[in-house]
Amino acid sequence: MLIDEKGIRTDGRKWNELRPIKMEVGVLKNADGSCYIEFGKNKIMVAVYGPKEVHPRHMALSDRCLLRCRYHMSPFSTTTRKNPAPSRREIEISKVLREALEPSLILEDYPRTAIDVFVEILQSDGGSRCAGITAASVALADAGINMRDLVSAVAVGKVDGKIVLDLNDVEDKEGEADMPVAIMPNLNRVTLFQFEGILTKEEFEKAYELALKSVKKIYKIQREALYEKYFEGEVKVE
Amino acid sequence: MLIDEKGIRTDGRKWNELRPIKMEVGVLKNADGSCYIEFGKNKIMVAVYGPKEVHPRHMALSDRCLLRCRYHMSPFSTTTRKNPAPSRREIEISKVLREALEPSLILEDYPRTAIDVFVEILQSDGGSRCAGITAASVALADAGINMRDLVSAVAVGKVDGKIVLDLNDVEDKEGEADMPVAIMPNLNRVTLFQFEGILTKEEFEKAYELALKSVKKIYKIQREALYEKYFEGEVKVE
Amino acid sequence: MLIDEKGIRTDGRKWNELRPIKMEVGVLKNADGSCYIEFGKNKIMVAVYGPKEVHPRHMALSDRCLLRCRYHMSPFSTTTRKNPAPSRREIEISKVLREALEPSLILEDYPRTAIDVFVEILQSDGGSRCAGITAASVALADAGINMRDLVSAVAVGKVDGKIVLDLNDVEDKEGEADMPVAIMPNLNRVTLFQFEGILTKEEFEKAYELALKSVKKIYKIQREALYEKYFEGEVKVE
Amino acid sequence: MSMVKRSAIVDKLRRKRMLELLAEGKRIDGRGPLDYRKLEVEIGAIEKAEGSALVTLGNTKVVAGVKVKVEEPFPDTPDKGILIVNAEVLPVASAYAEPGPPDENAIELSRVTDRGVRASGMVDLSKLVIVEGKWVYSIFVDVSVLNTDGNLFDATSYAVVSALLNAKIPKYVFEDGEVKETGEVMPLPISNVPISVTMASIEDKLVVDPNGEEEGVMDARLTLVVDEEGRLCAGQKGGSGSLRPEKLMEAVEIAINKSKEIRKVIEEAVKVGKA
Amino acid sequence: MSMVKRSAIVDKLRRKRMLELLAEGKRIDGRGPLDYRKLEVEIGAIEKAEGSALVTLGNTKVVAGVKVKVEEPFPDTPDKGILIVNAEVLPVASAYAEPGPPDENAIELSRVTDRGVRASGMVDLSKLVIVEGKWVYSIFVDVSVLNTDGNLFDATSYAVVSALLNAKIPKYVFEDGEVKETGEVMPLPISNVPISVTMASIEDKLVVDPNGEEEGVMDARLTLVVDEEGRLCAGQKGGSGSLRPEKLMEAVEIAINKSKEIRKVIEEAVKVGKA
Amino acid sequence: MSMVKRSAIVDKLRRKRMLELLAEGKRIDGRGPLDYRKLEVEIGAIEKAEGSALVTLGNTKVVAGVKVKVEEPFPDTPDKGILIVNAEVLPVASAYAEPGPPDENAIELSRVTDRGVRASGMVDLSKLVIVEGKWVYSIFVDVSVLNTDGNLFDATSYAVVSALLNAKIPKYVFEDGEVKETGEVMPLPISNVPISVTMASIEDKLVVDPNGEEEGVMDARLTLVVDEEGRLCAGQKGGSGSLRPEKLMEAVEIAINKSKEIRKVIEEAVKVGKA
């Protein structure tokens, strides 16, 4: 039983409620941009380096910047120790993260260079890839990379037969479906979509609509984190 | 007992008989040359790419083409699943295959370029390296690489105390000797020779002579396969 | 009991006595410099190649030579077979060896080139890194590399509660402390220092002074080995 | 893994041409937006494998083989057999496929194919246990991609699904303290058949079964996997572009429809393979 | 792992400036030769780890986490638990840290940290045995370096030591022929606390806790680890330069003194973490 | 692994000169076509190894060591011990040998050496079983090549064969349900001694024991291994050239003859080593 008779989930949330989110921008001194996020029990550090020279040279692109992305879990981030070598899961997530961020960046502005995005999971909970995208987009903004929009991500899924927002670890493992979605909220375009589980077309649509709607809350928190660093003390938009 | 009292082998062949051979040229759309061979239960796909640019550059040869060769077994090609990473056996065979093919090619005609020969064993039986060389030589012809001659290969060996032609899987494993040989039939030169087992000098000579003679049958099938692709409908040379 | 009541160690030595040392210079024909050392039961072959071109090019240094060093144990060098792939221990020792040798070399004399020092442990005993440095410095001299001084190394430690010189295998494993030290004897400068074990400040000082003093005996043997190769038959200095 | 040599200028011209054609509901190779290329499924091609299938989709060609071992179960699922899907794009397959361990594209391909099979519950892993916590059947489905011309996701999925349907695995029993081969064979415990439908999105126009040229210029790839009852069981967006949110539901619609057509082809091929 | 972009000319000027300042007993960031930067130790930051600590030393930031498994002991120490220290300089940490397996710098960092912990007898491994020769506790201490600005050796050592002091590991018993988790937790059997003190030598002048700029121009790095009773338990010279022999005994003196100051900070942080 | 720096022009001139000399039955270093260089075999050089041999053949120098473990047999040969031959061309050996895992040349070298030992039945593996299907002796013969100047195949084979003849391995017994070391040693069960004879073919002229310069210009390398009774037990052609078919039988003749001469040198060295 992951949802009780009153519709309350194991961590006290309602079906459409997000876990607590905390973001801090510019926390790493060496990085060109950085963002630390706590998203439920996820604790994630993102660093952005670049635009910078490409090594080896022949990988450079003449008409735009080469975006690279690494999603990696620290060995102590999981219940059972994670081997530090990249797993197939980490390699796949690194790829979809890159493809989720790429549409938001004006890479044509930096030909022949590279931007590296490093997403380090210090503690993992359900939805670490969505939290990672969310923080990475803010870190890219912190690095001053030209952007079309932020990218905001959240997962939806099905637990105990019900569509719910933002699955935690146990819901992710024991639930019936999981669908991470990333959106550029202003441009209204999907940049990441993955899905695993079993949903009828109707359930699928309901879950997807919930993701589209909820992602706007994530976007608000991203903006606030950036304001806090760059305009602290000034009048806040909102 | 691998040979019965009438001199018949486990698969019904006589001592000097080849297994059935089927070749098809140009089966892969992307490759510059290709050949699929069934040789007994061997099912092998060969692709040739090149002549093409060499990466990394410093490996290019100023006076001739760099020939590279990879012999690889698909995981499902063997009775027990084969790990997809290249084994030491595959690395050695890749080298002897390259050295068996190299004398037949006019590599001086393509300086600073590379030719890649990929030999993929989809199903393995005894003699896969010989079948691979035979198909690779045809695939190189299909790719239009300038050649001095085709290379034709066959194994001979000793089974139940008798010299036999073209060992199948069980003869290869339980036999007393195995000797793969490759020849350029028109130039009459040996390009591959390997041997493992125990043979007296006289047995060795008998086996070797059998290989030299039988390889000509392989050559005929290679030519037919090429004619079939390139001159189908025309009068056949024979 | 590694030291008996008369103060004699398991191999018959007194506390401040070195094991037998034998060095031969120029034993490898292909190397630019080489030295074979037997130090107790250590049997070590060192080869120096260079100064030579750097591959890949971008690793070359514009103002000096790139010094590289590999300490490696042959699989049969240890009681239990050593896996031939480099262990973390070998990687660390390779680094400290390089840093122990580097101060003695005038690397500015060879900009844009590399020198490789290969230290191969054919049989290991306690103190193989010190014996390796000692032989490597002689091999560098044999290669004609411009030097400020030789580097001479020896380990000291604590065994059965006593400070002793030059630990052998069993003393190294069962002793209470181990301190390898390398010195440039003429310039009187320390180039390697490592320490593991438990020592009071007073013990530490006593052990360290013993190392500083004893290293001069190593230096004498190094010079003799070089004289033997280069001035055999001439009048010996000393 | 891309089959078409990338040239920025040629890509732009090709994309422009495709968009012109798509405006008229046409594609560069003459197909309509919702037409698959010719799909051929040959069952049992590799006799040494416990099950196998060679799938040809246009010029894309992949072969899948099933091998079985008896192994210890994973510690967290002592009551389940093991199923591993592994795809490799062999260097025979294209001028741009390098020898070596699978790259991120091949890993994504393996994992998305695996997710469709796993989430649909195609193979009932709870029936692949010999001794709980000790010995289970471990099913490897390896895929060798032989020629690439777009839509590896569907071709790979069809080959894997067909090879699993085709498989006859050796039967083991636990007797006298050890696992023994009985000499008999048995089919895998199949309880569902997932069908993958992959689309390319080019300026928010969806086409199914993109070929290599289309993949070279598409904004995004969208794969949806549909089970026997028309439910969604896996999905993945790929590619560096984005798409309008409503396009996803349009893709769901297409996937549910097209999966019926593909399902028939695979069922027919498996039937022929068994006869 | 160096944090500062190496430019030969800038390095020379910076070194010259440092030496001028050192002649007056000053450093480039205003510290005296024997002053540490601000050291912060946050205990228990990673709840999923059995123990953890986040250490900030100036701009250098590392996090260590303890994980525990039950495993077979090493054949040559059947009566001892296993302790493994592994540090990785993550690519988030600097523009010069590459992804991939640990390089020689990270391996040296791990091994020197490990030696201090091991030689001091910090964790009594003989108390981490469940069944001799069969089952022991295996303690992994993994360190993720998040930002580098010099003196990784001390920061890493403090993080490892603090995480071990903080750890509560699950208790196992051997019953009915198998190892079972009891549901209880227990602290590690701690019998000593080693404190690392690292110095840079620049023209034979010693300064403690070198920052990134100082490491960029130093001749040699010298790490000495001091135990609870003021004894030396590990040491390592690093770097391509050399030092006058008497400098080592001067460094021993400094290490013994400074270790007392650092010991207090760590003990206080652990106490706070437990309260 | 080639020892001589390759320069196309120098190679051509060198080859021309060699052919002129060979026409007169001479070689570049003064030998006749069927003369080996000086062969020295030093037995027992590595005391820590269970058996060892240092072989010097001209300037080519290799050392082989035998180590033994008790392990489970391979599943398909439960009634046989394990024998593994592994050769590495160390970076000390030549300016062209790179550190790292064995390349194709070193792998071929290991495998051809192994085949000679294995096919001749030199070590009777059926006598290296402690408990069938459970515990067998696993014999590792590792070869470190220290200097290369041609004909690594013969030098490696002689070192391996001599080290095996020299070996005294610890004796184990199975008692009270476990494998125990008895403290005694025993020689390996030797039943044959294979001798490798390697030739270079240069324009279809055969010379034995090619040195580095000859290998640099030869068309093909031909190795034939002969057992105690004068039978052939292994063979391998290497190199990018070809040879006339009748040359192989000529090589067989040479190998059978030369193997007798080499056999005496090795037998003598082993006898000296034992005395």
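Should a chain be cited, it is by its letter among A, B, C, D, E and F, assigned in written order, with residues numbered from 1 in that chain.
FYI, a residue touches a chain if its C-beta (ideal position, glycine included) is under 8 Å from a C-beta of that chain, and two chains touch if they have at least 3 such contacts.
Computed from a predicted model, the values in this text were never measured in an experiment.
To get from chain A to chain C along touching chains, fewest steps?
Minimum step count, chain A to chain C: 2.
For chain D, which other chain has the most distant CA centre?
C
Among A-E, C-F or B-F, find the interface that matches A-D: by residue number, over half of the contact pairs should be common to both.
Residue-number overlap above half with A-D among A-E, C-F or B-F: B-F.
What is the distance, in whole Å, between the centres of chain B and chain D, each centre taken as the mean of its C-alpha atoms?
Here the centre of chain D sits 32 Å away from the centre of chain B.
So what's the Cα centroid distance for chain D and chain E, whole Å?
48
Nearest whole angstrom, what separates the Cα centre of chain B from the Cα centre of chain C?
Centre separation, chain B to chain C: 52 Å.
Can you tell me, using the touch rule above, whether these chains form a line, ring, star, complete graph or other shape?
ring
Under that contact definition the chains make a ring. Starting at chain C and heading to chain E next, list them in order.
Starting from chain C with chain E next, the chains run C, E, A, D, B, F.
Name, in rising order, each residue of chain C that touches chain E in their complex.
62-63, 88-89, 91-92, 94-96, 98-99, 102-103, 179, 183-184, 187-201, 204-205, 208, 212
Looking at the complex, which residues from chain E come into contact with chain C?
Per the touch definition, chain E meets chain C at residues 8, 104-105, 107-108, 110-111, 115, 118-121, 222, 224, 227, 230-245, 247-249, 252-253, 256.
Contact residues on chain D for chain B in the complex?
Going by the criterion above, the answer is residues 3, 45-49, 52, 59, 61, 63-67, 69, 86, 88, 90-95, 99, 101, 140, 142, 144, 146-149.
Within their complex, state which residues of chain A touch chain E.
28-31, 34, 41, 43, 45-47, 49, 52, 70, 72, 74-81, 84-85, 116, 118, 120, 122-124
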